[in-house]
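To keep things clear, I will list the structure first and then write my remarks on it.
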C-alpha cells in the first residue's frame, strides 16, 4: 500500500517537472503523455512480443547465472584452498564490463538469444557468486562445530548449515542479479538489436519518439518492481526463521 | 610464498592456456594473445595512463565513494524503518531495473555532460549492492544486541555507530565489494557518452576503430585494475572486520 | 517502586500462540533486592523484558515509581540470560563495559576508573583489550555483569547472571551484588535457578508457577542483613527457607495451583 | 541459386540473408525494397537485424552471423587500414549536395553568436562518434569557411541526446542528422553548415558491405544482393512518398516529422572521388593512426 | 578408553597469546562417567573441544581407544556450553533433534521414536514444531541435551549442560544422564560448576587448576552406584567428598599449586 504511495509520488514528480517548466517537455514529457504513449503501446501485439522476448532472455539468463553462482559460490566458499586459488581470477574477471563483450557475443551468436544470454549470465553470475561467498563465510562457528561433532557429511553440512546461513545473502544476490539481468537483457537488445524491449527503446530513441521511449523505460522499471515483489514474498516464506523477518511479525 | 602461489597460480595457468590456444587464431576479433600483449606494451604508456586512466580513476573514486556513502546512509534509514522500506522500495526497484545506457540521457538532462554526469552514472549503478546489503544487514542485527543497546540507553547516533553499523558491517562489506567492480563497469559505460578521455572511452574508441588487440589489452587493463582495487579493498576489509574474521577463525581452531 | 499488576503476555507467531505469563501481580520497593525463581520456561525472562520496557505486555500494567513503563527507564541496567549474544563482538571487553557509560556522558577519567574497578571486581583484570569471543563462557558472563556494575544503575535486572561461573566465583559475585546493592541502594530484581542463592541474596523471594504463570508464592527472607557465605548458609533459618522454596518449586513443576 | 553454407538455404530454395542495419532514415530503401519484393524476386529472403552501430554490425558480418551490413564510409576506411576482412557491395546513402538542404547539418541555437562555420572555431560541437565521419567533415566545413579546424572541440553523444544538449547549452553546436535535424529546426535551431556538402560533391556517406569470405565464396549471392539493393535505391530515389511511408514501419518517427524531413540521395554508384576525399580528410585529421587507407581495396 | 597426555593449548591471535592449557594428563575408561570441575576460564571448554577433535592442540596427544583423535570420532555427541548457538534457528525443535539421526541413517520410524522419547525425557513434549528461538533459555538447553540423548552416542561430552535449568529439572536431568549412561554404557565426560552435581553424577571427579592449567586433583567417588537425589545427597560421604572438591577449587582459584 505504502509502496503505491511511493510510486505515485514519483509519477506526480514527473508530471510536475515539465509542467512547471523545470525541464523542457520535449525531453522529459509529463506522466500523462508517457501514459498515453504506453496506452498506445500495450494494445499492440508487437509490444507484448517484445516483453515476452525480453523476459525470456532475462529468465533463462538469470536462472543460469543463479544456479552457476550458487553452486560455484558454495563449492569455492566451502573449500578454503579453492577460495584462495580462485580469488585473484575472480577479481580479475568481475570488473570486465559486459558491454565490452558485445563484439564477442555477436561474433558467437549474432543477434540470437545466445548473445543476450552471454551478456546477462556474465553480468549476473558475479553478483550471485560474491554474495554467496560472503554468505558462506558468515556461518556461526558453533553451528559449524555442532555439525562437525555429529560427523555430518559434506552434503549435509552444505544443505543444513551453510545453505540456511547463506540464504539471506543469496536472496540479496538474486535480487541484485535479477535487476542486473534485466538491465543487461535490455542493454543487449538495445545495442545488438536482438528483439525485445531494448530494441524498441533504441528505435524510439533514434526516432526522437520521446514519450514512447519513456513509456518503454517505465515498463522495464515496472517489471523490476514486479520481480522484487515476487522475491520479497518468497523471502518472507523461506526466511521466516531469520532475525530480519521474525522481528517484523508484530508480537 | 604460498599466498603468492595462490594468487598467481590460476591466472598464470589461464593466461598460458589462452596464449597457446589463441596462438594460431585467424579470427579478426579474437587475435592471438601474443598480439594483445604486444599491443598492451605499445598502448598503455605512461602518457596514456596519465591522460586516460587517471581521469577515469578519479571519476571512479568519486563515484564509488559517493555510492558507498549514499548506499550506507539510505540503507540504514530503510533498514531501520519498515514503513520507509515499504514506501521507498518500489521506487528504488523501479530505478534499479532501468538500464544505465537509457538512464544516461535522462541524467544528461539534469547534470549536463561533464564529469558530474559520469559520476552520477557510476553512482546510479553501483549504489544498489551497497544499499540492498546495508538494508539486509541492518534488518539482521541480533535482537539481543539491540535489546542490550536499548536497555542501556544506547540510542540515536551512538546506537547506529556502535551497534548497528558494526553488526551489519560484514554484509555491508559484501555490498561494497560488489559495488567496486560494478563501479569499474559503470565507469566504462559512463565514458561511452560525451567523454573525451578515459579508460572506457579509449576502449570504445579501439573497438570502433577496429584496433582489436588494443581493445583486448584495454579489457585486460580493466581486469588488472579490478584486481588491484580488490586487493586494496581486502586490505581495508581485513582491518575493519578484524573482529569478525577473528571470531570465525578462532573458533575453527586455526 | 516497581509495581507489576495483572501482567499478561502471549507470544503469537503464525499458528503457534504461547501464553507465557497469565496474571502476575507483585511489587518491589525502591532499594529492595528481590529474587525470582520459577521452573524453566515459566516466563521469568519474559517478565524481566517487560519490566525493562523491551517487550510490550499483552495485558496488565507495569509502573516504575508511579510512571507506566513504555521503554527502558533511565538508570536501568540489565544482565541478559543470553550473555554471549548481549556482548558486542566488535568491541574489546573494555569498550563493551564503557559504552553505556559514554551514553551517560561520564567524563573519560571517571569512566576508566569505573571500568577497571568493575572488571577487577568480577576478576577480569587484564582482559581489557581482548574481544569477548576470546573469552570463556563464564568470563563473558562476567563481562556482562561488569558492564551492569560499572553503570551504577538505580534499577538492576539480572537474568541468571551467575549460571556459567564456578562455585567460588559465584560466591564472590553474590557478595559483589549485595555490596553494590547496599552501597548504592539499587533496586535489584534477580532471577536464579539456584535456590540457595535466591535465599542468600534476597530480601524477598518470589516464586512463579509453571505455565500458565502466576505468582505461586512469595516469602520474606528474615535473615540478618549482614550475610556471609559461611555463616548465613549454615544458619538453620536459611535451611528452613530454602526447603520452603524448594517445595514450592516442586509443587510449581507438578502444577499444583497454590497461588499466594 | 548456388546457395553457399554461409547464407543457409531453406527448403524453398531461397537464400536466408541477414543484414545488419541501423534503424535510421538512411536504410529506408532496403526496407522499401523488401516490401516491393526486389529481394524475393532474386531468391533472397531478407531479415533486417537492427544494431546500434558498428560495434555490433561489423563483428556480426565478419563472423558470418550477418551476410551483409550497413556502415558509414569512414568506418569502412578505418576498417580497411586495420585489414578487417570486409568489402563494400553497394552504395548506401549519399549527400543531397545542396547547401542548407542536406539530411545532416551543423546546428546552433537561434540566439547563438555563431553565424558561420568559421565561428565554430574554438567551440564545443557534439558528434555521434569521435574520430569518424562527423568530425572530419565538420572540420572541413570550418576549414573551407576560413576557421581553424584544429581548435574545434568535439564531444561525443548519441544523436537523440543532441537536441536537449544544444538547447541546454551543454554544447555550442551539434552535428545532427534526420530526424533530429527536423527536431532541432522545430525548436528554433539555426543551420550554420552542411558538412557533407562541404566535404565533397556527391559525397557517398555510407555503403553496404559483406565479409571478404562471403564475397569470395558466394559471388552469386553478392551479385543478386547488389542488384536488389540497387533496384531498391533507385526506386527509393524516385518514390519519396513511399520512403516516408516505409519509415513508419521500422521507426517511431511521428507522421508530421516524416512528412517534413529532408531525404538523402540514394545513387547506385559509390562516388569514388568523394571516398578518396574522405580518406584524405581522415588522414589529415589523424583518424587512421598514421595509416593510409587503400580506397580501391574496399570498393567493389 | 580416552587418554589425554601432556595436552597443551595456546590461543594466538594477533599480539595476544593465551596459554589455556599447560599440561593435562588423565584418562577416562570406556564406559566411565567422569566429571570435570575447575575455575571459570581455566580451559575446560578448550579441553572438551580438543577431545572432540574440533580444535587442534598445540602439544600433547589425545587418544580414543588407542587411535589419535584428529577429527570428531564416530559415535560422539556433544552438548555445547553455547547451547543457543549450537541449535539451528532455521529448523524446528524436532528437526534439530532428528538431523544427527538422519546422518546416522536411521530409519524414519526409529528416528521418530528416539526424537519423541528424548524430548519427553527432557520435559519438552509438545514443543516439537516450535523454533529454538521461540523457547526460553533453559528449554533451548534441554533441546541440545535431547539431541545428544537421542543420538545414543558411545562418547558423550557435556559442557555445563544444566546451567540454565531450574533445580528440579536439573535433578531430573541428572538422573536422566545417569540412566542413559547405565543403559548404554556410554563414556561420559561432564563439565559442571556445581560441585554437588559433580559428586552426585560422577564415578570420578577431575579438578583442574586455574590458568596455567594442569590437573589439580582427581578423586574417585566411592558412593554406591545406585544413587538418588534424596538419599545420596544426604549421605555423609557425599558431604565429605563435596567439601574436598570445594576446597580444591578454592585452592585452585587462589592459585595453590597442588597438582595430583
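Observations on the structure shown:
Note that the chains take the letters A, B, C, D and E in the order they are written out, and that residue 1 is the start of every chain.
Criterion: a contact is a pair of C-beta atoms (placed from the backbone, for glycine too) under 8 Å apart; a residue touches a chain by one contact, two chains touch by 3 or more.
Everything numeric here is computed off the predicted structure, so don't read it as measured data.
Under the contact definition, subunit B and subunit E share the contacting chains A, C.
The pair with more inter-chain C-beta contacts, choosing from A-E and A-D, is A-D. Subunit D has its Cα centroid 83 Å from the Cα centroid of subunit C.
Subunit B and subunit C, compared by their mean Cα positions, are separated by 48 Å. Between the CA-based centres of subunit B and subunit D the separation comes to 37 Å, rounded to the whole angstrom.
Centroids of subunit A and subunit B (each the mean of its C-alpha atoms) stand 16 Å apart. Touching of two or more other chains is recorded for residues 27, 103-104, 107, 142, 145, 190-191, 205, 242, 246 of subunit A.
Looking at subunit D, one finds that residues 53, 55, 59, 62-63, 158, 160, 164 touch two or more other chains. Multi-chain contact residues of subunit C, defined as those touching 2 or more other chains: 11, 13, 82, 85, 134.
Against subunit D, the residues of subunit B that register as touching in their complex are 27-29, 105, 108-109, 112-113, 193-196, 204-205, 207-212.
Within the complex formed with subunit B, the subunit D residues making contact are 53-55, 58-59, 62-63, 75, 78-79, 82, 84-85, 126, 129-132, 153-158, 160-161, 164-165, 168, 170-171, 287, 289. On the subunit E side of its complex with subunit A, the touching residues are 49, 52, 54, 71-72, 74, 76-78, 80, 82, 85-86, 88-91, 99-100, 102-103, 131, 133, 151. The part of subunit A that touches subunit D in the complex is made up of residues 24, 26-27, 102-104, 106-112, 190-193, 199, 202-209, 212. Of all residues in subunit A, only 140, 142-143, 145-146, 148-153, 156, 160-161, 164, 167, 241-242, 246 touch subunit E in the complex they form.
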